[in-house]
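Letters are used for the chains, namely A, B, C, D and E, taken in the order the chains are written, and counting of residues starts over at 1 for each.
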Amino acid sequence: MHTLALAVATDDSWIQFDWTYLFQNFWTATFDGLTFGAIYALVALGYTLVYGVLNLINFAHSEVFISGAYAVVFTLSALGFGPNAPNLPLVSIILDLVLACLAAMLVSGLVALLVERIAYKPLRDRGAPRLAYLISAIGASFAIQYLLFNWRGSNAEPAVIMFTPKPVFDVFGTIIDSQQLTIVIAAIVMMVAVDQFIRRTRLGRGIRAVAQDPDTATLMGVNKERIIMSTFLIGGLLAGAAALFYVMKVPAGVIYNGGFVLGIKAFTAAVLGGIGNIRGALLGGLLLGMIGNYGQYLLGDAQWTDVVCFVVLVLVLMVRPEGILGSSLAKVRA
Amino acid sequence: MALLELDDVSVHYGRIQAIHNMSIHVDEGEIVSLIGANGAGKTTTMRSIAGLLSLSGGSITFDGEDISKTKAHLRVVKGMSLTPEGRGIFPSLTVMENLDMGAYTRSDKAGMAEDLDRVFDLFPRLKERQKQSGGTMSGGEQQMLAIGRALMARPKLLLLDEPSMGLAPQFIRQIFSIVKQVNQQGTTVLLVEQNANQALKLAHRAYILETGRITREGPGRELASDDAVRAAYLGA
Amino acid sequence: MSMGQAPMGGAAEAQEMQDDQLEESTRKPGRFHKIQEKWNSLERWQQWVFLAVFGLIVFFLPVLNPPIITTEPGTDFPLACFDMARFALAALGLNVVVGQAGLLDLGYVGFFAVGSYVAALWTSTDSTMVHIPYLWTLPLAMIVTVVFGVLLGVPTLRLRGDYLAIVTLGFGEIIRLLASIIPPLRGNVGFQNVGAPPGEHNGQPIFDNSHGTPWYMFTVVIIVVVMVLLGNLERSRVGRAWVAIREDEDAAETMGVPTFKFKLWAFGTGAAIGGLSGAIFAGQVGFVNNQKFDVATSMLFLAAVVLGGAGNKFGAVLGGALVSYLPNRFLFIADWKYFIFGVALIVLMIFRPQGLLGVRNHLLAATRRLKQWVSTAPPVAATSPATASGEEQR
Amino acid sequence: GCANSSSGGGGTSAAAAGNNLTQLPAVTTIDVPKDAVLPAGDGKATCASTTTLAYIGAETGANAQLGINIYNGVQLAIDQHNKANPGCQVQFKKYDTEGDPTKATGPVTQAVNDASIIGVIGLPFSGESKATGKIFEQNDLAHITPSATNPTLTQNGWTTFFRGLANDNVQGPAAANLAEKLGAKKVFVVQDDSDYGIGLAGTITKALGDKLAGTDKVTTGQKDFSATAQKVINSKADVVFYSGYYAEGAPFDQQLVQKGFKGVFIGPDGVKDDEFIKQAGSASANAYFTCPCIPGELIPSFSKEYATVSGGKAPGTYSVEGYDAATILLTGIDKGNTTRAKLKEFVKTYDADGLSKQYKWSSTGELEALPVYGYKVENGKIVSVGVISQ
Amino acid sequence: MTNPHDDPDATPPAEGHLSPEVEVTVPDDLPDIAEVVAPDRTIRVDVGEPLVSLNDLTVTFGGLTALDHVTFDILRGEILGLIGPNGAGKTTCFNAMTGVYRPSAGTVTMEGKSLVGKKKHAITQAGIARTFQNIRLFGEMTALENVVVGLDARHRTSVPGAIFRTARHRREEREAIDRGMALLEFVGIADKATAPSRSLPYGYQRRLEIARALATEPKLLCLDEPAAGFNPAEKQELMALIRSIRDDGYTVLLIEHDMKLVMGVTDRIVVLEFGRKIADDVPAKIQQDPAVIAAYLGTDEEDEDDGAA
């Protein structure tokens, strides 16, 4: 191997397509992908909503999410959950999970609102240019991460295991367990609810109006500030829910910078689906989860997952420059 | 009784003063017109009244209440509605949704339906195009939409910033007659117009604005026949 | 360092006044403004003297090692200076893309990485490739990164705004991941003994990876050259096309600006400078592996550009230097330094949303002549406009 | 030992469930070399008051814990030395690299420019060691790394570099040996993208021969391992060797068990940490570890003293190695080697036991005697199963 | 109500005696003029020949036919008015000509060459410039810089040329500033040359848009409602400006709802309604055309003196 080009051309050992393996494991890849994809989707929604209204990539949203995950861990630990799946009746497990979910939503929602008030509101009052928001967002993201770091240290929180997944049914020889089912169904239900909320309610109409022309929206009697806060709040609440599912899936995934990578994935999902579009976020999240898994099975190596995701993103954007469902939030017809 | 009163109002853009100690009033039931050259500060005045710009001096009273510090969206609730210069259509909301936005603060279903009928009567084109998105309407169609939307708010005070801009002649006439009609139904109107002739004929009273200062005031017809005004604004 | 900019007379000054008036709408006339006025009131030769002294201080910064400014004992000051310089250079390149042309690039570190790898592949003892002298890798790195820039740009530059942002972010990640996956790039194992410019002093190589000063001065010279050349670009149809695209892409296209072509040029120019910066960095550290080419570094570059004032090349240099300097200077607050850095970003954006130096695009040369023109121009809106031929005006 | 792992993970040693692997019993004592050199020396040493040793490596950032383990060990050695030797008060300085190769040159240059520093403990990670080895070499400053295990580090011709533990070429075969002892038939190897993980995976793959059931690669920061876990299960392996750090190893093991994996999980020194147990939860019961490190907690005297500098914490991975490295440098100083050149020569020719092992370096800076210890998780604690290398 | 064929001013002043079909290039070496006169511009005197032809031009949006088989020519040297009720398709017609929309049928040709499918900037370089119905200046740039961007359409400096400041680059820059200032003076806002364009009052912004469009040295200048928001006095000035643009050798296509202005300045008027052409004639005839009156002008009772003159 004397030149890189030669290496790429001749040494095919580092990229091999194993289609049979992918097909053998197709359904596993799909269901596993959907589960994580549902989490991406919920987080993606926060990006999409804020983007739709303020035209701004809320880079701190990943920290909104991870704050919720901390809340889940603390709540569940306080309720006695630990490294072993508890031996509790189903009802009380569900109750505990709902409690944890509420706690996470509360914390994430609060953090989202705080970020809005501290990092964005003052900029808005000063009519700052768009790039300033981006940097302020990055600053907020840094600050929250290192606040968590200084508080909790560089290690992930100890695992809290909520329940042992039970097989529910069998599709094409692949077993779908109760955990996967819970996550995917709950995520979809929540997203649909939000979608309907935005499409049908007065607040939703206000959100869309502010998204397009904040000044004129004000002239219609829309309270712009309230709309913006609501948007952050909704995004935060969903991120909180996502945090619960995330901890379910990765009981030891709660670490100060754990939101960052997931946040980028979720943001990618939002763009893939068409940023600003709620259904796009759902679709993008689920797709991205599956695509990553397919890539991994096809190329036989987890390190390819992200490469595959981004390549697919570029390909999709080349065909549909505004993402799959590419129109703006505002275009969701009532 | 004065529905709207500006007392000694000043407005700045940064260090540039756009409005200098302006005092005007609009009485209940009146049509008042504001005339001035490009850049005189008409739009600035309207935006300040609507609350989009903050005052650097003076006060605004509406319906007997000092609203100088009131947020813009609350002024809408109190009963004023501005059709901004450049129309301010929500480009990807449909025509129908745009009209709905006009009634954002209202909750009386029956009244809203009635107003919608009225708007569709005035502008049949809007009825035809209910589902088209606002941004793809032609310039003139957007202007109709903007006025229609303002009517949906059923305001006490209607602020119109150059409603005839970009309209075909027969529509300009229509707009003016609509303004008259709306006024007769009880809405007070403050009208900014470049179409000074018609505006002055329509208005009960008018102000002339030059570089941020009121220079003349009087009944519309009187100003319209004033030679100096004619020379400056009517292109005689 | 600012040949092109020093005499801020004529139109530039007038423009500044105007700009300021607009900026003032968001804040009170601040300290910066007073400095600006003072500066403008100076004679031209005085400005030059100031600049010369300032330039000398900057150039000899690591040697001066000023007490309060120094990053020691935490980290070696000359090396910290070098780090500032390479950040500044990278920020300068990103400024073309983000600040001038308004293309949001969140994967700029990808170009930086490519430049580093070029230097490593062609000079490191761990590389099996043909070896060439280190200094040759600098232009080579620029060429290779431009190729990457074009490869990325051609399919994606048609995308608008934030779609481009995510694609570039993805590009940066792909470069980093490929560096891990492709065996010849040696992933985390990396390349040791990357080359350096030649030269010895007392038997010791001058460009040693523990000697920050020569590296720093070398980089500063490059920065100056790059700034002069970028200044030339800015005051040409290219710079104007970039700003026009930033302001209103459709209108620019309608005014005859081949927007795609110029966006590609912006990308290419930015990429080349990023690659150059990466190659210099690789030479100084002497070791390249796949770490530190992550999204967070891209964000730091972006923060540098915006902090200084997007669109302003002096701002980019200042921002780049600051973003690198602050964590080094405040090493002693240990784990709190990044938290404070994050808060500082927010606070700075709140109090100077347009960046430390604000935007100043001087898109035309010949400012003095302009001043004459403007002062002799007839009053506004001549009632009967003359024809466009010149006779009447002279 | 693992005083903090009160979480009570892993009720039983569950690895046996559902497979026919043998269990290795835990050991409760460990042989410390009888004549191990200790920092106190004979108490009669004299040296200049400026004599300084330095630790260079992570103090902050994500990799801080390893650094803290090490410099606490160093601090302990220096404290003990200074207490015993009133005539020789050695100073201790610390430089923070955050474990980042691109940041390391600054602090290293700063340290080598400080003439009072005559010996260095560090740098902990292979990447930063690579990036800075040349600077030590040029300044003739000896440094003993207590934890960098990449084999190529000793192939640079550096005369100032000394590795205080076995490199990955030794740990790999030892891990294969452990799998053998457990009676494994098929071993699946998963590596991360670190220098360490890749190198180690390479040697173990080689040592496993036809026992290798498959391989996969994961990335740092990865959280979802479902596909990799599925691959392991598809391969029907009874042992998984995870070559990387616990941050990914723990969630991987957890997801592996959740997917139904019944075999044994083996991790190297980068995984051997109480954090692994905390983060993998009950799944950690199936875990074994390999480590070229001696279990410090089984040396009661050390363990007790260590608590005085660590604020009550038990020794961590590489605390003993840091302590030993410092001891060697301190011994050199006590013997009057108070210049960089002399101290380097002293280390080069050093041959004596430390707490953990015999220290005698080859010309390239590798140790000659290299025990690798095995560990496992039992009742939510890491316990040693004794030396596993041959 | 002028007509290019009998108005002596219609032909460019200096070259008025040359016969049609002759191209006159203003030479570079006349020091005074060379700096200000468009260096690449050729003034053609074959006045009256078709410059741009629209043939069966059709544009549809979904089910809506915004332009329906529209055919007309724009003749060299004339000011052509394009009027019609709101939503008749005037702006669409502009957009189809300037490459914003792709026609679903029909052709647009300029001097025999088709413009359909060309990029927007290519169309500008081919010689069509336009202003926007909603002003779209480069807000952060000064007035002069805005104009110079337009001029750049004719510049040839390459990127390396700009980096290294070649002789051509310097010459082009010098010329650009001179010509840019001349254009600003021409539209009457030279003293605002160094003001950021977004701080200019609306009326000046409109003028600046015209100057910027002229800077691209178009053969055809399209103005979309340039008088919107102007008061009658300002409209008078604008009329004079449009005339002088034509007198300078440009062809002008004008969309405008102000009848006084349209009738006063155009040589010929095309009327659209519902996407179809319903009339095409000199202003005097258009005013009498019953179809136009019905569709657009309306019968005016009282407002003689404005709008619909």
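As a convention for this text, a residue touches a chain if its C-beta (ideal position, glycine included) is under 8 Å from a C-beta of that chain, and two chains touch if they have at least 3 such contacts.
Being a predicted model, the structure only gives us computed values, none of them experimental.
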Task: Length of the shortest touching-chain route, chain A through to chain C - done: 1
Open item on the list: Among the chains here, which has the CA centroid at the largest distance from chain C's centroid?
Closed with: B
Task: Chain pair whose interface holds the most contacting C-beta pairs - done: C-E
Open item on the list: Measuring between Cα centroids, what's the chain most distant from chain A?
Closed with: E
Task: Euclidean distance of C-alpha centroids - chain A vs chain B, Å - done: 45
Task: Between chain B and chain D, centroid-to-centroid distance (C-alpha), Å - done: 77
Open item on the list: Could you work out how far the Cα centre of chain A sits from that of chain E, in whole Å?
Closed with: 51
Task: Distance from chain D to chain A - Cα centre to Cα centre, in angstrom - done: 37
TODO: Could you list which residues of chain A touch at least two other chains?
DONE: 260, 301, 303, 306
Task: Of all residues in chain E, the ones touching two or more other chains - done: 203-204
TODO: Indicate the residues of chain B shared as contacts by at least two other chains.
DONE: none
Open item on the list: If we count contacts the way the header does, which residues on chain A are in touch with chain B in the complex?
Closed with: 202, 205-206, 208-209, 212-213, 215-224, 327-328, 330-331, 333-334
Task: For the chain A and chain C complex, residues of the former touching the latter - done: 1-4, 7-8, 11, 13-14, 51, 57, 59, 118-119, 122-123, 126-129, 131-136, 138-147, 149-150, 260, 264, 267-268, 271, 275, 301, 303-304, 306-307, 309-311, 313-314, 317-318, 321-323
Task: chain E to chain C touching residues, read off their complex - done: 13, 32-33, 35-38, 98, 100, 119-121, 124-125, 129-130, 132, 136-142, 144-145, 148-150, 152-155, 157, 159, 162-165, 169, 172-174, 176-178, 181-196, 198-199, 203-204, 207, 212-216, 237, 240-241, 244, 247-248
Open item on the list: So in the complex, the part of chain D that touches chain A is made up of which residues?
Closed with: 7-11, 61-65, 193, 216-219, 221-228, 230, 234, 247, 250-251, 254-255, 258, 275, 277-282, 284, 380
Task: Of chain C, residues touching chain D in the complex - done: 71-76, 78-80, 83, 177, 180-181, 187-190, 192-193, 204, 208-210, 212, 281, 284-287, 289-292, 328, 331, 334-335
